[in-house]
Amino acid sequence: MTDKPVIIDSSTDARFGHLSVQNVSKVYDPLGAHVEALDDCSLEIPAGEFIAVVGPSGCGKSTLLNILAGFDNLTAGQVLIDGEKLATIDHPPRPGSDRVVVFQNGALFPWKTVLQNVVYGLVVQNRFPESEANEMGMELLARSGNLDRIAGSYPSQLSSGMQRRVEILRALINNPRILLLDEPFRAMDTVSKTTMHRYLLEIYDQYHKTVFFITHDLDEAIFLADTVVVMTTRPGTIKLRLDVDLPRPRTRETMLSQRFLELKQQAVSAVHEEAKKAFERGERELA
Amino acid sequence: MAEPQQKSQQDLKGHISIQNLGLSYEDKDGSAVSVIENCSVEFDPGLLNVVMGKSGCGKSTLAYLIAGYLKADQGLIAIDGRAVTKPGADRIMVFQETALWPWMTVTENVIFGPLVRNAFSRAEATSKAEELLERFGLLDFGNKYPGQLSGGMKRRAEIAQALINSPDIMVLDEPFRGLDVMTRELLQEYYLQLFEETRLSTLFITSELEEALFLADRIYVMTEAPNNIEQVIEIDLPRPRSYEVTTTQQYLELKQVAMEYLYAGSEEYL
Amino acid sequence: MWKLFTQQKFMLMWLGFMITILSWYAAVKWLPISSFQRLPDPLTVVIEWFNTDPDYGLSVFTRDYYLHIWYSTYRATTSFILAVILGVPLGILMGWRVKVNDYASALLSILRPIPPLAWVPVAILIFPGSEPAVIFVTFLVAFFATTMNTLLGVKSINSDYFKAAQCLGARPKDILRDIIIPGALPSIFTGLQIAMGAAWFSLVAGEMIAAQYGLGFMILESYNLVQYPTIIIMMITLGIVGYISSAIIRLVGNHLMRWREQSMGLSLT
Amino acid sequence: MSAGSESRPLPSRPSRWRHLNWRGAVSVITFFVLWHLAVVLEFAGFAELPTPVQTMSIFVTEYLTSIDYWNSWLVSFERVFYGFIIAQLLGIPLGLLFGTSPRFRNMFFPVFELLRPIPPLAWVPISILFWPTNESSIVFITFIGAFFVIVINVYDGVGNIQKEHMWLARSLGASRMAIFRRIMLPSVIPSIAVGMTLGIAITWNVVIAAEMIASDSGLGRLTWEGYVSSTPEVVLIGMISIGLAGYLSSITVDMIERRMMPWQEKS
């Protein structure tokens, strides 16, 4: 990763991507089932920070991501991005290429080749003519682990690790202020997962985008993030906030360091407690 | 299995010995693709043996061979000295995809084995089943259909379905894959507790390193090229184990060793 | 090992055909049951079919044989194309806009239970002459199949694709072009194959009831004219033409959806 | 879940009472209004057709109480019933045989596949020729309508049985017979249900046309005679009755399916 790509500015003092979530609550179907998903969540994410949100299933992590991405609106509180209003009760958020989501089960368009997927954002916003966009796409693919060799293949021909990399590049090429990752490495085995961790960290170290990373896996959260936030079961709120002061760049040794262990000890009981509550409630609901 | 008790050392059942096992298949254009190559390994009885490897390295095929569903091209599998020729109730498998029969209620699923082998009368089998379901916290789900259960509950019902036949070996093929990490951790603890009470010989297959370390007495690392088992790692973490063990120094060192073996073959970095 | 397997399979297939034809021949020739004896035996059928001057004027070498095929194919194709032109866009619109779905689905659900062939009499009344009536009924069958499957296709598209496209700045018309149409394509082509089968299905009835030319008409006509071998010839021709037309659709589908074909080729791990 | 970008991605509709699809009601009403206008304004071809109101009144006054009308319902239902039941009795075992025995499949499945594309109604002349009575020839046609579709669905069903279900039963020591009866059959029931649903729809289609071509009774005949005797209201009444009869049989088949698969509907 030598020269900087022309369109993705990664000035170290990342001016963009400061996210401030202020007392956000979310209730689904208020008149009917009245399901409380988020209850008075507040979170400050400085620009260029890598934040990981950990919590049991049903703790509102994805609901928060949906609000930040603009797919759903909040029922109380507000969210600002770099000072501007992103979401308030009467100003519903709209999806945009400044906050791109990488989905849990992958959402590469199966009928488009890898290159067509990567440049889709630029082309559809007609920021660049197709030929120029393709050039940029090939350059980015080449520079990120010479993926230009698979530019012409279809997603169904790639391993899940490869698909995830292409999806991250598809988001990155739009020079977003925030990368929103929804448990992207969930179904991967250990070897591919570790490889993807290295890939994501490398992209983060180079382009320094703000990253909002959702996961169930505490080890993954501490290993990747600057801040780890543990959420309670439904209705989700912030239970614990952990500042991870592990040095960057993070390597396999970091995972085995004493400091990593201490950080894990601080959070593991909180996470486990919420998991037990979620597990029991799950059982009761089904009974 | 009225009340699980500690088995004495000598009469421990479930010793699996595999000698230069080989299996390959012919793909479309006729060239042979090997799934298991000349694999020789011993799994001692009364232990929680974990087979770990990347997805697609033939772990499940090894389990199918031991369970008797597939026939090997060459080599031999023997359990407590008897060669494996066909499936049997002495080694029951819990599959990656849940295999509970959706058209039978949970209780019917559990008593199917004993009844079909007419090992017990229906009344006896039902009472044994209720005992097991109660132990697994599923008693009031007995007459529900599998479709109405959560992922975690289906897994526990499957383990009960296997245990009622008091098998010599439990074969579990990535049973907790796809469950969210929280349910997965709780189910791991669940099985550990069961294992530590009964010392039932277990062959546990996984592609998750943390899961392997937390459960195993021994980890057998399966590699992709050639597909067989070369490394065995002793996991002498104390028993009974609980999730606190994952924050101890000894755990981290063992993880370091396992990572070396895992990455030995495939330096997969771009 | 694989090659041996196919040879054996091939052998068994031929054995199956032989047994069927021989038992047909035996039943007609030797079985003392009158209803079998009334049937034409396979030999006369084949002789008639490949005869340069057939007794009943219809064989592979006569012009009329191809004329009937042409009429039926023309009718089936016209109604099929009409069904595609109207059905696919309507199915997509119904899947894309809730409002359109509300309007159309209620209407379709009260018209659909009426078996398409029940429309023949009313179609003959409304349309001038029998030709448009037959085409209308055949169109109707194909139209329902195409619309329903296209709608199913749009509904079964993974919702993450819509969200991903919106994230990347796609506007509604981009989503239609880049997500809905390609995403629904596989199910559209399933619908087209069902529509083609249904088209032939109701074309035969339409031709039998209200047409002067075509395979369906000829099958009934040769019964009235006591030309029994020709019935069988026309029935098998109908089967072959029907099979070819859905095979063509499959080919077009596979070509258009190359991205899917690749995924089929994944090796067994 | 609609895919429109302007509607919320979350699938839940606002609330229960608004569920009534008023737009659907509007479109149905416009359909009948257009029909009425087409007749009144004598659009091309619509001139001699009766308006919806007239059709309804003729139906109530002359047909609702007439024995012959309900008799044609009975005749059509009988033909559909016998053809459909025989198709299931022969089709399901044949589908299972194709699915389970490779030798039988390799031998006779190509023959089956050659006959399948032939539309059921193409069999009418041969059926009349072969079967002694007119009635049995029509039942044969309805049988053909439902037969091919049930065999194909059962055959696919056997193909999609989850291998783990079979393997586990073998591990537990189940005999071949026990596996067939308690594992294979139940897992094929959903495909049988699909085959029956499609089959009943096809049989109604087929019986109508067969009656128009080769019978002197039944709803199909009633409709055709409406055309021949140029009493268009009878044609419309016949059509609506056929639609209703088809709908009723689909519902009954649906109910039977739900009872066959208790585990399905509770999940």
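Per-chain numbering from 1; labels A, B, C and D assigned in written order.
Simple rule for what comes next: contacts are C-beta pairs under 8 Å (C-beta built on N, C-alpha and C of every residue); 3 or more make two chains touch, one makes a residue touch a chain.
None of these values were measured; they are calculated from a predicted model.
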Remaining chains grouped by touching, subunit A not included: one piece
Which two chains share the largest set of C-beta contact pairs: C-D
Subunit B-subunit C separation of Cα centroids, rounded to whole Å: 50
Centre distance in Å when subunit C and subunit D are each reduced to the mean of their C-alpha atoms: 17
Residues of subunit A engaged with two or more neighbouring chains: 71
For subunit D, residues contacting two or more additional chains: 9
Where subunit B touches two or more other chains at once, by residue number: 55, 148
Of subunit B, residues touching subunit D in the complex: 64, 67-69, 86-89, 91-93, 95, 97, 99, 101-104, 112-113, 116-117, 144-148, 165
Contact footprint of subunit A on subunit B as seen in their complex: 54-55, 137, 140-141, 148-150, 152-153, 177-178, 180-183, 185-186, 207-210, 243, 246-247, 249, 252, 255-256, 259, 262-263, 266, 268-270
Residue numbers on subunit A that touch subunit B, as the complex places them: 56-57, 145-146, 187, 189-192, 195, 198-199, 216-217, 219, 252, 255-256, 261, 264-265, 268, 271-272, 274-276, 278-279, 282-283, 286-287
Subunit C - residues contacting subunit D, complex: 8-9, 12-13, 15-17, 19-20, 35-36, 38-39, 95-99, 101-107, 110, 113-122, 124-128, 154-155, 157, 159, 162-163, 166, 171-172, 175, 180, 197, 200-205, 208-209, 215-216, 219-220, 222-223, 228, 231-232, 234-236, 238-240, 242-243, 246
Interface residues, subunit D side, partner subunit B - complex: 162, 164-165, 167-175, 178, 182-183, 186-187, 189, 261-264, 266-267
